[in-house]
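Common to both upcoming complexes is chain A, partnered first by chain B, then by chain C.
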Partner chain A sequence: MNPLSVVVRTVCDLFAWFMIVFGVNVLLHGYVTPGGGFQGGAIIATFIAFLLVAYGGRRVASRVNDRLFDLFEEVGLLVFFILAFLGLPVTFFFNFLAKPLAESAGGFIPGVGTVALMSVAVGLEVTGALSLIILTMHRGIRMFRGEDLEPETGHDR
Partner chain B sequence: MMNSAVQLLVLAVMAVAGFFALWFKDLISSVISLAVFSLMMALEFYLLQAPDVAIAEAAIGAGLSTTIFIITIRACRRPKSREGGKEW
Partner chain C sequence: MVKKTVFVVAAILLGAFVIGAVDGAHPFGDPGAAPMDDYFLANALNDISAENIVTAIVFDYRGFDTIGEAAVLFTALTAVATLLREGRRKP
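Up next is the complex of A and B:
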């Protein structure tokens, strides 16, 4: 899979980072605006797919480390379960950080407590999992071809 | 009245994009048409006041699945006969 043309690569250089910023925005404001963990994580994971399409598989696979996304998954799951277990003196998933609306910042920002933190945890999990799925699919399309990888010289249209 | 006019426009674009997704012989063009379909579907979800579903549809449908399709199509070659594939 060759890299795409210089137009696509320049657009990728310019706009790929804004996708991460927008994804983190959707992720962090997920408790009060539409969006949340899954949507923000999916937007962030589109970054890897975008790089893979624009720059070709070899350059991305040599730079990207799978352990990072494994770490995202593990940290996300652990934070989610630990936050769920921390409310255990009352119930599982008890929102022990929540405040009434009047006490929290004058009612301007809702004191949602663990909901926002769990949203961030789900976002980390989804980011790692979807990025790993895309990278593994890209690796798997070579699986049934006996010959070596094509050299990836030049670029497609 | 205005809202239903916009919805009719969006649904018409969806129908046209779905038709072209089947009609194109070039697979990349077909996938891009499917992405337009998905984007219009996200707009329709937003018009029907489900912005959460709209964000998920825009991220998954128009973003992730399109790039997965493009990766798959660009990875495929016509199989050569020495690799055991049949010419078609």
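Up next is the complex of A and C:
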């Protein structure tokens, strides 16, 4: 995958980070607005795809650390399962942190309780999983082409 | 011969159960289980102060589905990583 022109790279430098900001916004406010864990995670994972398209595979593969996304995936899934199991004295997936509407004002955790926390956890998991899938599939393309891979050159370098 | 008879009887029994199950199923095209929908709409906001009832259903009332979705994503990642891992021998 060759890097694209300087225009695309500059736009990527300027605006790619706002994808992460928007994704985190969708993810954190999933319990109020449309969106949630899956959608926010998918938006954040778009960042990696955008970097791959704009900068080419070799440069991204040398900079990006897979273990970070591994960690995201594991922590997200574990937090999700643990929150589900913590409600087990009543039922699986019992919302043990939720408060009724009358007394839900204030507090660090919103009144919906585990819904908000699980949304963030699933968002982490989706971010890690989709980013890893994109990176691994790209690496697979390079692997199957063999050694006669042409050097990655863009339009201007 | 005995084996054949057993199989035929079992097939007839199974067919009867299937026909009975299909007959007793909810009619197609008829929005079913309206009491459950009404329960969500009436009680989600007051009980767990969920402003967004869709998220409340996805992560609380039917969280078991969400575990399945997360498992699907995890399985997809495992499959991709298994197929395309590095250090694979050349064919």
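One rule holds for everything that comes next: the second predicted complex is superposed on the first by the 145 of 157 C-alpha atoms of A that agree within 3 Å, B and C clash if a C-alpha of one lies under 4 Å from a C-alpha of the other, contacts with A are read in each partner's own complex, and residues count from 1 in each chain.
Keep this in mind: a contact is a pair of C-beta atoms (placed from the backbone, for glycine too) under 8 Å apart; a residue touches a chain by one contact, two chains touch by 3 or more.
None of the values given here were measured: they were computed from a predicted structure.
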| item | value |
| --- | --- |
| Touched partner set for A:Phe93, first chain B, second chain C, both or neither | second |
| Which superposed partner A:Ala129 touches (first chain B, second chain C, both, neither) | second |
| Which of chain B and chain C A:Met137 touches, first, second, both or neither | both |
| First (chain B), second (chain C), both or neither touched by A:Gly36 | both |
| Partner chain in contact with A:Leu77 - chain B first, chain C second, else both or neither | second |
| Chain B versus chain C as contact partner of A:Asn25, first or second or both or neither | neither |
| Contacts of A:Phe50 with chain B and chain C, given as first, second, both or neither | first |
| Chain touching more of chain A, residue-wise (chain B, chain C) | C |
| Doubly contacted residues of chain A, that is, touched by chain B and again by chain C | 34, 36, 38, 130, 137 |
| Footprint of chain A on chain B - complex, ascending | 51-52, 54-56, 59-60, 63-64, 67-68, 70-72, 74-75, 83 |
| Chain B partner contacts - residues on chain A that touch it in the complex | 1, 26, 34-36, 38-39, 42-43, 45-46, 49-50, 52-53, 130, 134, 137-138, 141-142, 145-146, 156 |
| Chain A residues within the chain C interface of the complex | 30-34, 36-38, 73, 77, 80-81, 84, 92-93, 95, 98-101, 104, 110-115, 118-119, 122, 125-126, 129-130, 132-133, 136-137, 139-140, 143 |
| Residues of chain C touching chain A in the complex | 45-52, 54-56, 58-60, 63-64, 66-67, 69-70, 73-74, 76-77, 80-81, 83-86, 88 |
